[in-house]
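Chain lettering (A, B, C, D and E) follows the sequence in which the chains are written, and residue indices restart at 1 in each chain.
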Amino acid sequence: MRYNNSRTLALFYCQNVPGAGERERIGLEKKYGLSIRFFPIACSGRLEPVHLLSALENFADAAYVITCPQGMCRYFEGNLRAIKRVRRTQDIIAGIGLERERVGIVTGLKEDPKTLAEHAEEIFDKTLQMGRSPVLDKGEANYDHCATEAH
Amino acid sequence: MKYVSRLKSVLEKGGFAVTSECGPPKGADPQAILKKAELLRGKVDSVNVTDNQTGVVRLSSMAAGVLIRQAGLDPVLQMVVRDRNRIALQSDILGASAIGIRNVLCLSGDHQSFGNQPDAVGVFDLDSIQFVQVVKNMRDERVVIGGDTLGQPPDMFIGAAANPFADPLDFRVVRLAKKINAGADFIQTQCIFNFERFDKWLSAARDRGLTEKACILGGVTPLKSAGMARYMKTKVSGIDVPDELIRRMECVSKDRQREEGIRICVETIERLKQTPGIRGVHIMAIEWEEAVGEIAQRAGLLPRPVPDDQ
Amino acid sequence: MITAQQKPINEIRGMLGPYKRILVLGCASCVAECAAGGQKETAMLASTLRMMAKMNNEDVTIHEHTLDRQCVRDFVVRLDEIISSYDAVLSLGCGAGVQAVAEMFSEIPIIPALNTEFIGETRAQGLWMENCLGCGDCMLYYFGGVCPLARCSKQLFNGPCGGSVGGRCEINQDVDCAWQQIIDRLTRFGAMDRLEMIYPPKNWSRKQGGGPRKIIREDQQR
Amino acid sequence: MPEKYVIHTTTAPNRFKAVSRSGIIAWEEGCLRCAVCVKERCVYDVYYKRKLDPRQMIDSIDNLCMNCLRCVQGCPKELITKSLNPEYKEMGDDFFTPEIISKLWSQAETGKIPVSGAGYPGPFSGPGFDSMWTDMSEIVRPTRDGIHGREYISTAIDLGRTIKSLRFDDSGALLAETPLLVDIPLPILLKVPPFGAISDKTLLGWAMAAKRLGTLLALKIDDVEKLPDQFRPWLVPVLEEDLTDPAIIPVGVRIVEIPWSSRFEKSAKIIKDTFPSMLVCVNIAMMDGMEEKAVSVADAGLDIIHLELGRYSEKEPETYDPRRVKDAIRSVHMKLVETNIRDEVTLVASGGFAMAEHVAKGMICGADAVMAEFQLLIGLQCRMCRRCATGLSCPVDIQDASAKWVAARVVNLFGAWHNQLIELMGAMGIRDARRLRGEVGRAMFFEDLDKVAFGSLGSAGEGFELE
Amino acid sequence: MNNSAKFRFPEVVKTPSRFRNPIGKYRLHRTEACETCGKCVDLCKYGVHVIRRGRVYIENSYLCVGPDCPSPCYEVCPVGALSCGKNPVFDQLGDFRWTPDLLVSTWRMAETGSVPLAGLEYKRGSSGGGFDKLRIVMKSGQTGQADIPDQDIDVSLQLNRRDDHGHRIKIHVPFYGGGMSYGSVSINTILSRIKAAKALGTFCCTGEGGYPDELKPYDDHVITQVATGLFGVREETIKRVKIVEFKYAQGAKPGLGGHLLGDKVTPGVARMRGAVVGHPLFSPFPFHSVYSVEDHKKHVDWIKAINPQALVSVKVSTPTDVDMVAVGSYYAGAHIIHLDGSYGGTGAAPEIAKKNIAMPIEYAVPKVHRFLTAEGVRDKVTVIAGGGVRTPHDVAKIIALGADGVCTGTADLVALECIRCHNCESGRGCARGIATTDPELMELMQHEWGTRRLVNMFLAWKKELVRILKRLGMTSIRELVGREDCLVHLDYMK
């Protein structure tokens, strides 16, 4: 059951993304097994680089964020901040020789918002095209230091 | 006129070099420096010109060097990094070379707080070792810091100082090595009273092959009195005067202490002449330039070889 | 506030060289404010280093911990219980913090992860400006609250140099001429007379006259 | 206090961070690091204790925050906000609501009854048990001091048949056979839920909990073999089909459950013939006709009726509605009362009891005891996400939990329920749980009260507006 | 106090939040694009924007009324720098009974002395029953009373209706403050409530925690409580007051005793209650000396023997037989029957009790009113309802159902910026400095501020009650008592 696909994607998504309900999510989890770990968040602005890094460090081949469309954030600039933080994270991982694409952010479009399922599929396809993350061992996810200091 | 470094030529010919120093005056009178220089003429190969020694404002060492050069002596231009940044230092090297100064002694310099300008900023843009390297690069690679190429490179015999008596002992040899590796052609040491310590240092330097790479001139100073001996031991950091030497000074009457000082100095030079790896002496007769001739004479260092440029 | 920025990751990695058990040590004071060495940055750096180690198949243990202040012994001493588990400490403190930790734990290498920059002001979100050199002899009265030492590129004391044009410094169009600001401010509150005198050479002994400076306040001591 | 009145609990910490109702969103960009930061002034030190769990990506701040909003209201740059947690909102279902689930988590963790300040925050009333209030009396009721009290309140009940009267022969010897009874110290039986990431360790933990609580664990008959023999007296094997071969009944159990069918009497006879001292429980699904079935079980002289709301068992999925349980129990109870046989049989209900209050209310409606099932999972931090039922892995890896931890959590949970029952019974002036059964006189029902109070408030003619 | 001609209601003194960022329903946001044209500053009549040193700041985001705004700044900003949205914090405030709207509008009343201008539902919550499904029936358009000045509408209440030799006490508003003990709340909270009670010409109850000396100047406005623990009850305290309240039960935890956690028993609390510092205190349930109405009468007589003129109030919760209890209390000699409904506040109670035991006040009041009326004694006793009364509309509704007046509790605390986090009982107590005895936390609130907030809120309540009475065509709140015809219930409306 674990790693029934060869990649693991950590997917953080704003609760306002269409089709992000629990029911839909269970459907997606069935489809992807543990290949995608879904993390609904109250606002993409809640996500810090350390969350993305932690995901990459511990279990994920790629860590992506899906935000609500620009101008739709309940916190006004949560999704804008998320974009900056993702860029910063990309700089950090690039600095250690990881591909920038292992971290990314997708912003929904106001006019034609995609569902969580559509986003997930696109991002997961991208993930499959990447190699296995050199950070992860070939085996199990590692949570040895589960208590990472967060902020 | 083609100038050459007399110090360099003596050493290149395998001679035992003799240098001394004279401090520029606290005033603009050229005669003050020329008078001192005159006392040294024919007694030494080259004359160190100190650079605002102990942080006291004096006639510039560059100007004094020029005066001495013009008087036909071979100056060793002392330059401290305390007062000039890298622009000034490099520029002064070029200027010194242009007017015929052929020796430079690269120093950190005494801290400004010791002199009469305690409020001054201490520049210390480069340290002495970096400075040695910079001069070497200017001379050999024709480049200044940052990589710009020079037209005509300076012609400098590069010196540096070493103090075998400061702490930590083990690192003193490392520091000597760094100076020599940075490009020092010759080394003038702090004045030697404690041979036990000096020998340890020198033998470590020999073991590293440093005595082959650069010419080490042992520093000597004639003691004027027992009081001076005690003062140097206790008040001047980095100078080590053994107690037995102080006792020896104390054992003679006050009016004979100068004579005793010269005798000790001559003995020291004799011993240095026998020491493998020592290529000369640097006689620092502090405000007592008159003594230099006598010391040189009695130590069998005279006459000095006739310089090539004369 | 002291400002700092993280060193390039490869430089840090290089310094960590042979060490196997590393404590990444943050500081929750100034460097946290400038987002260089706080708890969050510490977690990020530790995570990054762990990833690097994994990528290179190195068996390295990296933990993080953040002190309230690295430059205060009372906080630093709390490391006493854990320090022996590590081969090296990677400090995200400012230079003062790094040295305070080093001073207390002489047996273990302390490696700086930051470049300490300057004493500065938080001008705007994400913008920090240098405005003090810590010269020990404040002259801001004469200069209308703008320090020519910190903010004039030439550290001039007696008025703008010939490079001041349109309120800009010759260094760069982005740099304000401190002297223009000084003059503007003094003019505004009618104190230009303060600039009539020749400001005497600066007394640098307050900054470096006696080697590293210290402040001793007996009333504050125990 | 005598052992029988107390359930000992010890804190059993969460293995995973609990999903919390809301979370702090604190933006760092623009943070001034004030000298007197509102974060440092947090009464609960949540910022100081902050940690990130990378497995769940849960920031501990969300669990520790007590919602005083002082940081939100104090941050000079208004960088801190509180937001509802999308995961929390989606937990469970409309019966096992997120609020109930998280309350059960904390009871299982601490063994303490939920206590809070301020008034009741919930809706005025609701369907099912939420439309009942229990009564109390101002003055003339026995004294008690709740769980802190000096007087004992018994929550023990008996399972099995009782006889209406005792008869003696001339010598004074008892004529009637004394009925077989199993007494349990609290009116709650445990039942292995129909789904869940259940491993042998989990089962063992539950059995340990049942033993420690002195109650019973109902489980599939095949699962009995997975447990050490020593637990047999606390297990109730459940047969899903009629019994033909008594050999499959594990020796040492005291009660066996069989399904109601047209042949249930035959199955029961086989059991009673083979194990004369064994109690037989008959499972009747909550659906039309259950009343008659219950009467038939009682008439057949069997011991226990298990009225089950058959949800996930897929037996009667369409009839599932936990809020009907109240009425189902009342209906069966009343039928048994009418048939004059109520006291001769034990009525156990299962399927609609999410909170301690439901136990008391279920008993008031007529049950002798209730069975808890999903609570056994929720106590282990289950979120009722039902991923396991669809073949997905459990987000809190229940299957990996140690039996010891499982037992401690379940004991804590029902220890807390026990104390809540005592609170409620104390307020009602009832000192014995057996007297709670069918005591509708000490309950108030929304429908009745509402109609009496407001039924006449119904007219607003032309030219009027409502405010 | 009896000389009502002299009494004047206090003026509203604007009293903003004691926190830097008051919480509002909407939130405005300004981007860097702002060019400081100042249009928004001019346009906004709520004072949201301010201009300072060449920059416009959003200073009072909480005053924004969102879509209710007649001239929304965010629609006219020439560079589109402004946007408006619901404050996300708002969503997670409150609960079914105290909705975020109710909390915020109560805060607004406590700040300004008026109901909110726009944007907030301040009349009812969303509990789905009782008050929240009752509506007041008003004649459309103007009524004859519209021309009467507000001050001529009488909202006062005579508390002694027995015509005995007890004090003749009139309260100038139809509500007084319910019991909150010294220990469960801070002295600042107590002082705020009692000072507000004095200013408004009404009373406030000490609860069962003693009678702190700080209250001496307000003796004429204090109701002191005698409860099962008898904490702090002394002859002297009984003599000092005009009203004594027996607490038989508390609506939030009927049938259970009181419980003050050890942490809250500070030296001051211990001294007041005659207890040991740091040890939890229990009030048993019920009075162990009262097993009948006759026993109860002995209690009442005891008070009357000590303080013959004192009015006696009997606080009971709401069991099925609440009507019997009320009648019994009347015959035992009580002046006031104080019914405490099950959904009221508390410093700490098991959740199982708060929700499940005894009936909501909306049921108890008509039951008692009808029974007392049938018994022919309704005019002889004052019925006070408490436990779940949150708004002036709730006051009007419960009076129309048969109460004479109401008793407030949670609303007072909300005015003091209680946020209903439900943590009154934990650790050091209320993190917002209201229900705590922690010296540091107590400092968060000063009673001068608290008094002004409470006065403001109750003046807003009074104003709203007057408005309701006028629309109902009444000149006195007495006319409203038991007027069920002024109410409809949405579930039963034809």
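Here is the rule we use: a residue touches a chain if its C-beta (ideal position, glycine included) is under 8 Å from a C-beta of that chain, and two chains touch if they have at least 3 such contacts.
What you see is a predicted model; the values in this text were computed from it and never measured.
S.K.: Need the graph distance between subunit B and subunit D over the touch network, please.
M.R.: 2
S.K.: In the chain contact graph, what is the shortest path length, in steps, from subunit D to subunit E?
M.R.: Minimal hop count between subunit D and subunit E: 1.
S.K.: From the centre of subunit D, which chain's CA centre is farthest?
M.R.: For subunit D, the chain whose C-alpha mean is farthest off is B.
S.K.: What chain lies farthest away from subunit E once each centre is taken as the mean of the Cα atoms?
M.R.: Chain centre farthest from subunit E's centre: B.
S.K.: Could you find the two chains linked by the most C-beta contact pairs?
M.R.: Comparing chain pairs, contacts are most numerous for D-E.
S.K.: Which chain is most central here if centres come from C-alpha coordinates alone?
M.R.: If one averages C-alpha positions chain by chain, the most central is A.
S.K.: Between subunit A and subunit B, tell me the centre distance in angstrom, where each centre is the average of that chain's C-alpha atoms.
M.R.: Using C-alpha averages as centres, the distance is 69 Å.
S.K.: Where the CA atoms of subunit C average out and where those of subunit D average out, how many Å apart are those spots?
M.R.: 60
S.K.: Roughly how far is subunit B from subunit E, going centre to centre by Cα mean, in whole Å?
M.R.: For subunit B versus subunit E, the centre distance works out to 93 Å.
S.K.: Would you mind pulling out the distance in Å between where the CA atoms of subunit C average out and where those of subunit E do?
M.R.: 55
S.K.: Among the residues of subunit C, which ones contact at least 2 other chains?
M.R.: In subunit C, the residues touching two or more other chains are 39-40, 43.
S.K.: Please output the residue numbers of subunit D that touch at least 2 other chains, ranges allowed.
M.R.: 22, 28-29, 50, 52, 81, 83-84
S.K.: If a residue has to touch 2 or more other chains to count, which residues of subunit B qualify?
M.R.: none
S.K.: Return all touching chain pairs.
M.R.: A-C, A-D, A-E, B-C, C-D, D-E
S.K.: Which bits of subunit A are touching subunit C when the two form their complex?
M.R.: Touch residues, subunit A against subunit C: 48-50, 53-54, 56-57, 92-93, 95-98, 134-137, 145, 148-151.
S.K.: Quick one: which bits of subunit A touch subunit E in the complex? Just the residue numbers, please.
M.R.: The contact residues of subunit A facing subunit E are 42-43, 71, 74-77.
S.K.: In the complex, go through subunit D and note every residue touching subunit E.
M.R.: Residue list for subunit D touching subunit E: 21-22, 43-44, 66-70, 72-76, 78, 81-84, 103, 113-126, 132-141, 143-146, 148, 355-357, 360-361, 420, 423-424, 426-429, 444, 446, 449-450, 452-460, 463-467.
S.K.: In the complex, go through subunit D and note every residue touching subunit A.
M.R.: 22-23, 25-29, 50-55, 57, 59-61, 81, 83-87, 90-91, 385-387, 390-393
S.K.: Mind listing the subunit C positions that touch subunit B in their complex?
M.R.: Against subunit B, the touching part of subunit C is residues 201-205, 207-211.
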